[in-house]
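In the two assemblies presented below, chain A is common to both, partnered first by chain B and then by chain C.
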Partner chain A sequence: MSTQLRRSPDPKASVDSAAPSMQWWLVLAGTVLLIAGSFLSWSFTPAILGNVTITGLPAPLQIFTIVIGVLGLFLLLLRMGRFHHISTLLDSARGLRALGVTATAYLVLVVLVIALQAPGLANADPGVFVCLVGAGLMVAGSLRMPSDPTVDPISVHLPSWAEILVIVALMALVLFGAAYALGQEDGTVFSLFLLFLSGVVVALQRAGLFGWIGVIAARNRRVITLGAFVVAFLFPLTQDGSDANMSIATQVLIFATTALGLNIVVGLAGLLDLGYIAFLGAGAYVSAMMSHSAFANIGWKPPFLVVVLIAATVSSVLGLIIGSPTLRVSGDYLAIVTLAFGEIFRLTVNNLDGNNGPDLTNGPNGIPGVPELEFGSFKFGDTHEIFGITLGRFANYYFLLLVVAALIITIFTRLNNSRIGRGWIAIREDEKAAEAMGVNVFGLKLFAFAGGAFLAGMAGSIKAHQDVSVTPDQYIFLESAFLLAAIVLGGMGTVAGVLVGATVLKLLPEKLRFVADYRLLTFGLLLVLMMRFRPEGLVPSGRRALEFHEDDERLAAKVEESHIEKVTPTGGRT
Partner chain B sequence: MDLFLQQLLNGLTLGSLYALIAVGYTVVYGIVQLINFAHGEVFMIGAFGALATWTVLFKGQTGLWVLPFMVLGAVLVSVLVAVVMERVAYRPLRHAPRLAPLITAIGISVFLQEAVRLWYPGAKSALPFPQIDLVTGAAFQVGGITVRRSALFVIGSLVVCAVVLWFFINRTKMGRGMLAVSQDPDTARLMGINVDRIIMVAFAIGAALAGIAGVAQGLQNSNIDFYMGFLAGLKAFTAAVLGGIGNIYGAVVGGLVLGIVEAMAVQFIPGTFGGSPWKDVWAFALLIIVLVFRPQGIMGARVVDRA
Partner chain C sequence: MSAAAIHDDAAMAQASSGAVVLQATGVTMRFGGLTAVNNVNLTVSEGEIVGLIGPNGAGKTTFFNCLTGMYKPTEGQVTFQGTVLPPKPRAVVQAGMARTFQNIRLFANMTALENVMVGRYCRTSAMALTSILRGPKYRHEEEATRERAKQLLDFVGLSNTAEHLARNLPYGDQRRLEIARALATDPKLILLDEPTAGMNPKETEQAKELIFRIRDLGLAVVVIEHDMRFIFSLCDRVLCLVRGETLVEGSPVEVQRDPRVIEAYIGTPDEDEVDDEAAKEEHS
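After this line comes the complex of A and B, so read on.
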């Protein structure tokens, strides 16, 4: 991040515009070898790695290395002084270095996989070694390459149609990548794809592309929101009726929706809520108790929309009950009180089985057999056909949840930019100062708490129908911790961050079944490492990042600049 | 009356256990204003440390002479874990916003639980804790009350630990250093106190007591599992808050009060809301009530509000 702004004293001297240097040729040789090797056969055995045996017809795994090679060639061309506009924007040397390292790591892993799964290194064909040599050359060549001078992306302006085009292309890539990744059944291929993806992302980030994309994203916020929604909407159509991935996607969406609600409480208002899952549970239980399930103990069966409202209201009333006395105490205490509340909720629904207290929740067995939703004649349990593509049960819930997520995102962004949101941020930064400035501290905190509970209750009422049953052990403390981790991992207070965090946390364990036992261990370690090295999250809001890195003056200047840019959209054009 | 005294004894036993763990929360909070959420896990690891000591060195022995070695093993392991935790995870975050250490603590907590579950042989289910002559075995009757031997061990260790702790804090240089740092870390540093070392000692003291509590819990329950730190830690934190967090004697008093309340709730709350399924609910309800009406706790040392 910091090097985007680094300027060398004499820009001309460091770019080898006239005569390509020794390193340039080395990297060029490396990329050419990498691409050429990818067209050769990598292994004798067609059974592993998705068949990499055919010369001249690259398998997906080989296409990844070709992509790396092509990206490398592009960055090399930049160093020749072509594409003048872009070359001021990207630092090709750092990008090349990251690409080289990625390619090497990727190929070493491929060789290892061949050696272990084929089994035996004798099964490796020359192609893979050609590629490995190429990758090594890329690393060697780019190691001492001087950095390019780059300019601050905020001052680079393309025509707006070009910016939108970039966004659309990115979105399409995301959709394609997600569909591809989910389609992988083989854990090894999936892991290699992840390595490729993260390597390319890191390379592009090193090259400074994301700084620039962040700036265009900020400029075209509406386009990007709409685009993201369209991509999410199109996703089930790529699955062709397969329920396996849609079930994961639906779970991701429920998780993300809940995390977005929690993000209002934690990310915006800075109230650490460790019992948030209880509000989701309250919504789910109310919804289940009012459903037509045989174990539902409430006689009144209103239509679902009414149930949603009741469930959300019950949740937010619980939020008020727990919040109104405790919001007067300070942050740490609040965390513990909410934790205690979460435990009380779990124990209570676990106990209310008729033997201990009234029979409301059917005790530890929960309420099974919650019926599928129905809106008019549209039954969520059935499959439907759209444009010849079959959409299964999970796809129906997916669309419904998408609407809810969109609603919550809208509420979140509107609140974030409103008087209320600013009040919350003021409270988060310094409660006493905010109070002195006339912010209604208690009222706003309570509103955040009850509002967050309302959204969770809403999500919960759908979750009950989608899961078909509710049980107390779905609402344990660990789930609250997971929600919190999604927010922290992604970046507190940003929508994109929470979505990224939720997806990573729910998707990875599903796809990496072979490490399922180490899932929680990794999760714990990840939280500790994140707080240590990148406390602002993967997709931080600038303001938040600044809070964690108070001494970083460059970042401060950047945040300030981007604020000025937002206020006067035409200012700063050159 | 016998019923009442019996529950009082049960409550005191439970409360002593809470108190031993609660001291760890309160010592650390008093000095660095950090809720060491992973402290419950330190307690759990202490129990496993004792079990490991017994399994490796004294397998099959039941003599009382084994007990000191087990306690020593427990204390060593838990102190080591706590000190490493402080050094690696908490120290770099000392000036970070308050959310950061709390989330780190949750991360450590999950990590330690899983590490024990995955890597301690057989820890995926509950493990039997060794039986030691004199401290476990047949209970004896005093009047109409049944007294378990392990209960006496638990209460006894609290008394011994409290006395030693009092002596350490009031009579040694290091203890007075701790008092100074808890009052004003910056001034203490100017006075030549090594604040980093004091913080590490605070973690170590808490961990040592938690290790002893781990042994006590093992003897009392006769088996241990990787998940026992979570609830015990939560209860002990409740106890620390109840007594007034930051105040060491408060933690002891709070632990005893919480234990007694729980025991009484099991016995004397009438109707279907009494009994052991609800005792945790009453304990947490007590926490919420205390925080609402008397956030400074029973002993009342209100720590400066730094949130």
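After this line comes the complex of A and C, so read on.
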């Protein structure tokens, strides 16, 4: 059944004959025009789009179109002559189509921006129209190229040094892209960059390269993890004490860390938890109440590591209390109960102000003035110098959170690949059958739920110090919804997915006024679009993708193929 | 069928084989007004293959569900190796009784190997902290689980498809994978619900040979089947259910010759309805 779908039997079916066809020349002309146009002036006024007026010296926005053109040329050359056989491994037609569409959309946007901001279409120089014609030719040509979405280069084996090189290159690109995106003050340029980035990613995915990258990543997991941490660790050093960006980065990190914990509950165990933020809040409140803040109402001040443990334990006990009656019954009760729990938490901390109950949380005012953390003589509030680079307050918390994130990622991946992880998958697949095969369904669900609460409590205890104050309105249902949105957007059950989702959801409002003003509208729209077109998220696990596409035989064959490639280091050939 | 006769059969079975593994007495299951299983007794001894036959809707699957704790029987009790089983699937598996399903219930998006490894869940113990820290004990257990799962795939003849997704396997292989998954729980007794449904004659023959090999491992087997030739050449003892009640129990030859069984099965183009009528006449 699966074997028939695995490879296109006729290697020539998917490509033009070795002699270039009409459409091939058409696309070639398109890419050449796109590249050439990028060297010309696009706009008469240098004031907009980061100055795209200089002929011969492309601005960043023009470099993006050059990159698209070069990628297009590359895919195009693979379709002919000596490289012809590569076309049987790569669906270059679909890749070219995506590139063409991206370039067209990008340039139309540029023209619109010129017309609106310059203002006036008269300010658009010929260069941008040359590019636009080129992009149009790319679309027109590639649409008529035969394509075969079943092909992918998954079985291509590079020497391991080359694989590592690919990974390093990708990571460098990620770091570079992130730094560039963070540095963009201009919302328009940021949006255009985002469009370019997603277009290139989609093109690579359409060409079938993602499966291959996934296999390489799985085979070199150590390198990836190490590399990712080095990159993340070096990031503050590139910011040279700039608190603005580090503040955002820290926000992203704490959001991502919390979402990673939630992804154990939602992505691995398959439990819908709508009140996760309350566990974060419980941890934060415990931590604040035991801190040296003037408004802290607990007299005992143990060292911070003890506080972390207490906060996490309190959260997980709350998780046990809510989970043990609800998780016994199957169905969506948990969602409703957790939703209610989130509200109960908010109301409770709002009211424990001495008027209606014990004076614990200081009511709606919260607990302000939570002091900075101190580990020995290392004060998190101070700036430090390393190698002549200034690291501010946020960088200190960033490093601490990085360690916590590493811890949670380790827990996440190790649990996922263990007896417990298999039990969770079995429960997601068929709860009754899992029970009948001896899997402790209730126990595993409760463990995921309370364990997730534990991790949230841990993150919350740090968040209290980093935020300086703890107030009820930080821990409302909306925040739980955003956490879930990060997981749905990024991909259930994967670490990379959550990181992508959290970054997008935190970065967009920071960089785009529009998103910040209409946060609910844009995120809601985003989620609706995701549900319609890619319910498994941007970076899903193969298994999760299959769960969302029960009848997709081709996807099943692909996932199986890449799994076999991953588990057999020498490749699937037997 | 008189109670005495049932008793005789049970006694005979015990005499011919080893110790009693499973003893179900007076199992009754009612769904509202419908009595799906009515006062059924079953005794299975070590190394025995018992067949459960009966027309569609006779209550065979429901009886299995009662035995395995998927349903809580309205009346009656199930004793396994001398202890009364609580109606909890997990406790039943832990005690040593595993099953397969009539409508295949594999973990479709897991590989064949992972499916069998899930079966090992109840015989392994790694908990959260062990799984996170990954000490030598954890790695050893994980390795042993993998090895055992591979052996079992070998045993049922699926060694080449270990890394294939369960949903991508052909139908016959899926049935065999379910058997491997059940065997992974180290059962003393395995319940097979229509293990050859949808199989071609060659696969059916292989399935029969597989069941014999399972029996030779020292397990007791209870198998539900429609294929008469299959069941009579396979089983030591056959029990025929009609409308939730035991119609006949005895050796394959006895059951095969019994006119009531012949009436229930033969010359009926539309099995369900005619069977039901036959059973009704039987009662009046």
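Simple rule for what comes next: the second predicted complex is superposed on the first by the 526 of 574 C-alpha atoms of A that agree within 3 Å, B and C clash if a C-alpha of one lies under 4 Å from a C-alpha of the other, contacts with A are read in each partner's own complex, and residues count from 1 in each chain.
As a working rule, contacts are C-beta pairs under 8 Å (C-beta built on N, C-alpha and C of every residue); 3 or more make two chains touch, one makes a residue touch a chain.
For clarity, every value in this text was computed on a predicted model and none was experimentally measured.
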- chain B or chain C, by number of chain A residues touched: B
- Item | First (chain B), second (chain C), both or neither touched by A:Leu272 | first
- Message: Applying the document's definition of touch, where does A:Asn351 land relative to chain B and chain C: first, second, both, or neither?
- Response: first
- Query: In the superposed arrangement, which partner chain does A:Asp382 touch: chain B (first), chain C (second), both, or neither?
  - Reply: neither
- Message: I'd like to know which partner A:Leu520 touches here: chain B for first, chain C for second, both or neither.
- Response: first
- Which holds for A:Gly451: it touches chain B only (first), chain C only (second), both, or neither? second
- Applying the touch criterion given at the start, work out whether A:Val439 contacts chain B, chain C, both or neither, answering first, second, both or neither. second
- Note on the structure: In chain A, both chain B and chain C touch residues 547
- Per the touch rule, the chain A residues reaching chain B in their complex are 266, 270, 272, 322, 325-326, 328-333, 335-337, 339-341, 343-344, 347-348, 350-351, 355-358, 431, 477-478, 481, 484-485, 488, 492, 517-518, 520-521, 523-528, 531-532, 535, 547-548
- Can you list the residues on chain A that touch chain C in the complex? 1-2, 410-411, 414-415, 418-423, 425-426, 429-430, 432-441, 447, 451, 543, 546-547, 556-557, 559-560, 563-564, 567-568
- Could you please specify the touching residues of chain B with respect to chain A in the complex? 33, 35, 89, 92-93, 96-104, 106-115, 118, 230, 234, 237-238, 241, 272-273, 275, 277-278, 280-281, 284-285, 287-288, 291-292, 295, 305-307
- The chain C residues in contact with chain A across the complex are 68, 70, 89-90, 93-94, 98-99, 101, 105-111, 114, 117-119, 121-124, 126-128, 131-132, 134, 138, 141-142, 145, 163-165, 167-170, 181-182, 185
